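Down below are the structures I want you to see.
Both complexes below contain subunit A, partnered by subunit B and then by subunit C.
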Partner chain A sequence: MAVALYRIDDRLIHGQVVISWGQFLGVRLVILVDDGVMEAQWEQDLYRTAMPPGMDVIFAGTEDACSKLPAWEADPRRAVVLTGDVPTMAELARHNPTLVKEVNLGGIHHRPGRTKRLPYLYLTEDELSQLQSLQKSGVRVVAQDVPSAGRKDLKALA
Partner chain B sequence: MSSGVRGVIVCHAGLAASLVEAVNQISGLGDVLVPVSNEGCDRDLLRDRIAEALGPDPAVVFVDLPTGSCMMAALRELKGAHDASIVTGVNLPMLLEFVFHRDGTPDEAAGRARAAGTEAIRVS
Partner chain C sequence: MKAPLWRAFLRLFSVQGAWNYERMLGIGMGYAALPLLQKMRQQDPAGYREAVARQAEFFNAQPYLAGLALGATTRAEYQGVPGEKILRLRTALCGPLGALGDQLFWTGILPALVSTALVMVAFGLAGAGLLGFLVVFNGIRVAVEWWGLRVGWASGLEVSQVLHKSWLPKAVALAGPAAGFAMGVALPVIGGWLVADLDRVVMAGALGVAGIAVVMARVNPRVTGLRFTLVVATIILLSAWVGA
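Entry: the complex of A and B
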């Protein structure tokens, strides 16, 4: 399996992803699924500059990613699939139920309407409901910002 | 704050504030630097914090990691019309050089800071 981590992180590509998880999992490819970034070439250029040597990045919109996920899973490089929000990851999982077996909640920060669940995790009731639906469909949903931190199951965060 | 290029430090956790405290302890000029933490921020909120710290003046932005959220947020903010330069790998020697020599353009001040920060790294 090429995709070692399916992660939701509203900071997108940053140190925890490319350094902490990157080293821990031996990641060689980051697949950023974000419709906004997909439309902003300048932002893609910025993220490319942030990639460490030996690590590639692919940008994709949600619809495109849903269809390409099987091919990415077959890529020999160990990969992280990264989304900036819950709905995008839920869509990926809905279209690829046999591939997305676990979702990592890595960082969803405070905004109006969200409630604090962990120092790095704030969720609206709707986001929580979407994650609970994912869990009911058989996807394990776990909060863990960095590899050395404890894993917290979604049930403990409701 | 005295005149010259503004200095903004953007780092993970409490590092920026600690660097400012250390600069102030050594030089008494900590007030020319504005610390920004990424603590609790998504990328939009961090960008807002950087914009507020920058203000309208020419500036040098010091960030910790070349691949981190602080760097990305600074790059996103400076994509606009700001007259500013970014220096990665911030350390105390480069900040001390900067607070004493903030004349000229942001590029010039950033170049001097980078040289001082690099020169200070030695293995004995």
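Entry: the complex of A and C
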């Protein structure tokens, strides 16, 4: 089990991921699944600049990630799989139902149409129902921004 | 353009002034962007209104590095970059500036300087240690803020390459080990200074509490060393009060 955390966070790679979770889980690899970042070389340069020493980053598009996930799970390095939105993570889980057992909601921020569920979590009705069907298919969906914070089950957010 | 840059820099000191969960630094960024967008206000009033609205949207980064994003995105507004792309740049800067800034300041410079100040306190230089800490930390912080705003404003959309080649990632790589070294020196020195006047029983008790706090923080992340120590301190105070 190399992937220690499947996280949805629209800030992608930032301090909470590389420092808080990185140190707590002993993360050596961050896998960033985002079609927009995959297309823009300058964005990849930016995220690579932010990686602390001893931590590698892999960029992947959604489709590519769905097929490579088993290989990443077999990688000996402890990894975080990071997506910027709900649909991308739902897609990953749908294609790899045996691998994605728990999804961490780390930060989805305000945008028109989203309502506040937690201080760091704003969801549209559509995003919520996608997460609910994920939960129904057997994936545990838990909101927790940093390791020292409380874990909140999806049921408490509806 | 020197004066607007200077005014934006002063406004950056209050970048957290309207902090809220919905937009985080967003309002502060919009406020600081106004002096830089003044020229646009005369040239293109409609574009100006859109630009200000964009600059006040959700933004989150380490606050001392926010100026880098402010400079780069306001410069991009003048470069005729489509609004959607400016928002994309703004969003893409959040994470990296947060990660770099957290590593440089919160887990690098701050613990390194606090440790140095504590060592000075232990050697009887309390005044110089505390004053030196405040001056050096804020000096570095203000210099980095000014550098970030200037570099961002000079590079616009090119900011990611400029950032990649700058001193910042190298400094971040050094800051962690430097902090580790300083804390490694400071812990035994300050520990020795603290327990110098205590008797053996109290010393053993303090060491026991500290040891258990470290172990528990490793086992359960919700029990941080601080929370545990506060609980133990409360129990000791309560039992002393009941006993008296």
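Note that the second predicted complex is superposed on the first by the 158 of 158 C-alpha atoms of A that agree within 3 Å, B and C clash if a C-alpha of one lies under 4 Å from a C-alpha of the other, contacts with A are read in each partner's own complex, and residues count from 1 in each chain.
The rule is simple: a contact is a pair of C-beta atoms (placed from the backbone, for glycine too) under 8 Å apart; a residue touches a chain by one contact, two chains touch by 3 or more.
The shown structure was predicted, so the numbers you read here are calculated from the model rather than taken from an experiment.
> Between subunit B and subunit C, positioned on subunit A by superposition, is the outcome a clash or a fit?
Aligned on subunit A, subunit C clashes with subunit B.
> After superposition on the shared chain, which partner residues are touched by A:I13: those of subunit B (first), subunit C (second), both, or neither?
both
> Identify the partner contact of A:P53: answer first if only subunit B is touched, second if only subunit C is, both if each is, neither if none is.
A:P53 contacts subunit C only, not subunit B.
> If you stack the two complexes on chain A, which partner ends up touching A:E91: first (subunit B), second (subunit C), both, or neither?
neither
> Contact-wise, after the overlay, does A:F24 reach subunit B, subunit C, both or neither (first, second, both, neither)?
Second partner only, subunit C.
> Name the chain, either subunit B or subunit C, that contacts more residues of subunit A.
Larger number of subunit A residues touched: C.
> In the overlaid three-chain picture, which partner chain does A:G150 touch, first (subunit B) or second (subunit C), both, or neither?
A:G150: touches subunit C, not subunit B.
> Contacts for A:E73 in the overlay, against subunit B (first) and subunit C (second): which applies, first, second, both or neither?
In the superposition, A:E73 touches no partner, neither subunit B nor subunit C.
> Go through subunit A and flag every residue that touches subunit B in one model and subunit C in the other.
Common interface on subunit A, subunit B vs subunit C: 10-15, 18-19, 42-43, 46-47, 49-52, 109-111, 119.
> Can you check the complex and tell me which residues of subunit A touch subunit B?
10-15, 18-19, 42-43, 46-47, 49-52, 107-111, 119
> Mind listing the subunit A positions that touch subunit C in their complex?
Interface residues on subunit A, with respect to subunit C: 10-19, 24, 36-37, 40, 42-43, 45-53, 109-111, 116, 119-120, 122, 147-150.
> Would you tell me which residues of subunit C are touching subunit A in their complex?
21-24, 58, 60-62, 88, 91-103, 106-107, 157, 160-161, 163-164, 168-169, 172-173, 176, 221-222, 224
> Given the complex with subunit A, which residues does subunit B contribute to the contact?
On the subunit B side, the touching residues are 12, 40-43, 45-46, 65-69, 71-72, 75-76, 79.
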